[in-house]
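Chain IDs A, B, C and D follow the sequence of writing; residue 1 opens each chain.
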Amino acid sequence: MAGNSIGQHFRVTTFGESHGVALGCIIDGCPSGLAIDAAQIQHELDRRRPGTSRYTTARREPDSVQILSGVFEGETTGTSIGLLIENTDQRSKDYSAISQLFRPGHADYTYHQKYGVRDYRGGGRSSARETAMRVAAGAIAKAYLKQHLGIEVRGYLSQLGPIKAQQVDWSQVNENPFFFPDEQQLPQLDAFMRDLKKQGDSIGAKITVVASGVPVGLGEPVFDRLDADIAHALMSINAVKGVSIGDGFDVVEQHGSKHRDALTPQGFASNHAGGVLGGISSGQDIIAHLALKPTSSITVPGATIDVDGKATEVVTKGRHDPCVGIRAVPIAEAMLAIVLMDHYLRHRGQNADVQTTTPQLS
Amino acid sequence: MAGNSIGQHFRVTTFGESHGVALGCIIDGCPSGLAIDAAQIQHELDRRRPGTSRYTTARREPDSVQILSGVFEGETTGTSIGLLIENTDQRSKDYSAISQLFRPGHADYTYHQKYGVRDYRGGGRSSARETAMRVAAGAIAKAYLKQHLGIEVRGYLSQLGPIKAQQVDWSQVNENPFFFPDEQQLPQLDAFMRDLKKQGDSIGAKITVVASGVPVGLGEPVFDRLDADIAHALMSINAVKGVSIGDGFDVVEQHGSKHRDALTPQGFASNHAGGVLGGISSGQDIIAHLALKPTSSITVPGATIDVDGKATEVVTKGRHDPCVGIRAVPIAEAMLAIVLMDHYLRHRGQNADVQTTTPQLS
Amino acid sequence: MAGNSIGQHFRVTTFGESHGVALGCIIDGCPSGLAIDAAQIQHELDRRRPGTSRYTTARREPDSVQILSGVFEGETTGTSIGLLIENTDQRSKDYSAISQLFRPGHADYTYHQKYGVRDYRGGGRSSARETAMRVAAGAIAKAYLKQHLGIEVRGYLSQLGPIKAQQVDWSQVNENPFFFPDEQQLPQLDAFMRDLKKQGDSIGAKITVVASGVPVGLGEPVFDRLDADIAHALMSINAVKGVSIGDGFDVVEQHGSKHRDALTPQGFASNHAGGVLGGISSGQDIIAHLALKPTSSITVPGATIDVDGKATEVVTKGRHDPCVGIRAVPIAEAMLAIVLMDHYLRHRGQNADVQTTTPQLS
Amino acid sequence: MAGNSIGQHFRVTTFGESHGVALGCIIDGCPSGLAIDAAQIQHELDRRRPGTSRYTTARREPDSVQILSGVFEGETTGTSIGLLIENTDQRSKDYSAISQLFRPGHADYTYHQKYGVRDYRGGGRSSARETAMRVAAGAIAKAYLKQHLGIEVRGYLSQLGPIKAQQVDWSQVNENPFFFPDEQQLPQLDAFMRDLKKQGDSIGAKITVVASGVPVGLGEPVFDRLDADIAHALMSINAVKGVSIGDGFDVVEQHGSKHRDALTPQGFASNHAGGVLGGISSGQDIIAHLALKPTSSITVPGATIDVDGKATEVVTKGRHDPCVGIRAVPIAEAMLAIVLMDHYLRHRGQNADVQTTTPQLS
């Protein structure tokens, strides 16, 4: 059943295979009057693009986005927005060897069994290449959130393998190809990645995304809580195996007297909750974390079976990232922006009249 | 906007406040011909019911469920199923003291700001009491999954505060009020909870849910992946701050050569993925974990503000669980069952024709 | 698949069989702060209730509605609203004769073939009894539309068999059991119905519903146009076979120079469009018509087959309306109100910022 | 709010303005294994294309469709299908005169007031040009229905202004530019249209669409009835003001003893119902009718206002159809096919297990 859409009110629907003709998406429900152009979207795509550092895939695609509809004289018109990226660098020959077998850790086996047929070229629809359209759509959400609401959505690589960020210096994040927030640890990261490449292996990563300036009230209990929809959106990114909000899994060992964030006339005294209480934004920063598995596209040989169920072996060639987590930072930001945009419109639809005399905290 | 439904094909919609007249739900899309009666649903509700151990709230509600529609002569008819639980033990007086202030760590402040009005009695809609209907609906999903597909959905308390289960003995889980899978650690748990109660404090917990016998093919990429929808469903449970699949956050430090699960003619050689590849079930056990925060309803006084924004203090009286995680085991099972049921029907709708010659692994 | 919900933002989900335990619904997405009580809902239910005239079914049910959640101290709280009507007058014996055959013109055959099982008592879920919950939910929509937006939704019987209303006097509509807008034709209607009853036959009807005070802008092209959603909602009412907007099927023979409604500084010069242009409300009255078939529950014997496919005959006993169209007036009003409410919230969510200097016409 | 999608399981989402860069759509939920290529889609587009007769707009666009994703080696893969048509014949200058006023009978005023901004070139999103993507998506639905289920969806012009088809000869429908089913009346139609063109006026039309070979069981009561969803889909087509099923508005004057279709071991004895009983397909032909208004784009001058609310006059130049109903035949077929496809998958998802011993009628 149709599963290529996300969002109710601000709804993003995508299509496109790794080695097909093009990738595209439709953004439906974007308010009119938003100033947007292709350059703004391109800026976000460039942050995600492969080939920006020596540790990401050498595939070189300009990923040049076109706006096909929904924007007139530099402004959104309220109609559905079509975006398109043509695939230009398709070396399909690379993949013919794997058409009759299933790469372990990939979606080859599950797509084959679910659909009975699969576009094996570069993983087809299951390739991370599909995330380009998430970033493109997210750029529009980000633009609205910033221009109209003053909300900023940012992310960083909080951990790569065993290396945890020791501090978060936002000014550093976009200055290095790792989106890493601690400049001092960069040489360590560099060395780690060099070794990894030598081994032909890959590594997992942890990303943190933060939204600042979010008003109180976003989220629709009991099922479409803001945190539940964030979890859905982030877990839908390729390779993500875990999602958490605020203190996340650390809460397991916490006491209630420590975890609960005191409210004071000056604002919340702490933010263990990660900006969500009862599924509704509290006005504090929304903080979410995601764990990305190490890619299975490595040159270390792996045991597997072929389409007839017989044992065989696979070595993934082609051009791949040793840590897919790195490039996932702009993707995670995009997904968080899409969820916030959707929930802002949902909330406004239902509660535009509400006024309280209680001051808003942050 | 409407947020009280979950599922597309097997859709559960709930209503009800902690101290209102009744709780209820509608299950829409359940196939006809399923043998079901109130006793089966009641059995699951009884597992969740407060008051089953001395460490859960002393509130005593029979939580007696009625089937109002959709079942005829012991079988579902394919029409929408109405379920009802009347609230019988409503001590609303307990809560009048908190009507003018916001309990820290609760949804009081966010509901107040979002809606401008709130039913403060026992937390109203934000109370964990709403999860009774999740369990009721989940009981129907569980019955179908078991009877028609041989799928079993089970859960256990994998960690309570600092105490991690050392082994998983499924035969023990329903034999103790903690849903704990290791009999030998029960005295330790008991002692820990006794101390906690003495302190008037609360503790977090980690739960693991497992579905066995799931066929390959469930999940609708790229957004409605099976794992993304599981994350949504589990994160929508009160107090949950983190959700993970398979190795979860451990993947951050893993290498690809270790993480990827080899396919062999005899089945997968390991299950780091937790039964989901590319957002689609692989035929292996689905394994998900969730982190529950310590409840903020504790007798330790906490700083907060009142509805006018002035500083004050709150002590939560009333009857509360020192570890809400314990009772969440049946709730998490219910949510996983609902997601699997929904995805089974979605998958069948689209792919009922598909046949492959590749044998199904597990 | 789940089909018992209507609306995206203001979503109504219903359950209940004609002779089951109870009927109920959940209204999800209603804004908080609406003053509502059971009496207001009951008032609408009483308008629809069987037994209010000698020409509607003699079944006597108080149809007493209870509000189970979502309302606190006389005001909606923004959470999901549960409504319940218990079935009290269930003479199930009446229907046992038809359990093994299919009444022509009814849903017996299609439910049997679709679901493999059916609750044959009084038509089960396919009975017009389910429309009680539409009226109940519609009462809440009506209350919001009136209190908050000044929108009034009204309907009348515009034709019963060959008898067309010669004039529309709104003050008459609720003064007679036919909801007929022309007092002078009442004796004619009365005579027609008396004859019909004598024949043991039934007759079709046409209903017109009108919404006044609707702001310009409601409707979401290109698929969820206001008129498309109105058509969906009205066609979903039992026995409806046709729906039209404004001049409806008369447009087939019209010229463009006549049909198009001129805009003037004083407002539209005419309303052939029925208040919708390009799928969006124009600020004029929304005018919709629906055609209801004559009920097939008549005492004239009819040819049919039994569950084994063998020819047989059926005479519908029980208590039935000779013209189901009459009671459909409040139902059609309710459905129109639900659609307008839903679209108002959808529009507000997306376009709350929009301001134009062009004056609003009506 | 997002309104550019139709269907739940087989979901079509479209974008594109009359004079924008391109039109496109995403079809999500199409089963894998369907043999499809661009030529099949192009064939349907060519049937709808402007310029095929002297009575439709002179605009000449090849409307050449590209498949961008979801099809691999001639077969659908189960992933989302992207389709694109580039706009090549955009004479935007034609429309600059109307940028500051509202054409009566068009969506100019309502779009302006709803969104605060509009792409006035050729009506922008409100142009019938968007229906090209409906036809393209419908071609895929038609292909599946025919290849996998033997369902045929066909339509014809049943009335143009005062001229009603006297007989329905399916072999004639695609042989004339009017899709008219009675060869003998063609000279009459021709003369009527010639006169109309001379007057600079336009005329309404009635279209009938029929689906044959539909299995019993499609439709999801109580709201997503098959007929309700057909009404929604057909009413969403530009210029449609009425939709009916089977005998439609004629039922108003019918008696129950005449209307109800008798069931016999040899099948239904008649088809007044139009193939739907209780919102579920009966196995008989699905028969739907739609009324299309005369286009307001005529050369007869019309009174209107400008964006400041001042009175003015408009004469629509540009290239327009004097009867938009003619070209709507393939569009209506497409919409019916999409609804049937969606409901087939929905039904199969829920009821794939159901078997009855009652023979299927037709």
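FYI, contacts are C-beta pairs under 8 Å (C-beta built on N, C-alpha and C of every residue); 3 or more make two chains touch, one makes a residue touch a chain.
Just so it is clear, the model here is predicted, and its values are computed rather than measured.
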item: Chain whose Cα centroid lies at the greatest distance from that of chain C; value: A
item: Winner on C-beta contact pairs when B-D is weighed against A-B; value: A-B
item: Contact-pair overlap exceeding half with A-D, pair selected from C-D, A-C or B-C; value: B-C
item: Where chain B and chain D are represented by their mean Cα positions, the distance between them in whole Å; value: 45
item: Mean-CA-position distance for chain B and chain A (Å); value: 26
item: Residues of chain B engaged with two or more neighbouring chains; value: 1-5, 8-9, 14, 29, 32-33, 78-79, 111, 114-116, 125, 221, 345-346, 349-351, 353-354
item: Complex contacts: residues of chain C adjacent to chain B; value: 1-5, 7-11, 13-17, 20-24, 26, 28-29, 32-33, 66-70, 72, 75, 77-82, 84, 111, 114-119, 124-125, 345, 349
item: Of chain D, residues touching chain B in the complex; value: 8-9, 29, 31-33, 78-79, 148, 221, 345-346, 348-354
item: Residue numbers on chain B that touch chain A, as the complex places them; value: 1-6, 8-9, 14, 102, 104-107, 109-116, 125-126, 130, 159, 161-162, 201-206, 216-217, 219-225, 227-236, 238, 240-265, 269, 272-274, 277-283, 291-298, 300, 302-305, 307-311, 346-347, 349-351, 353-361
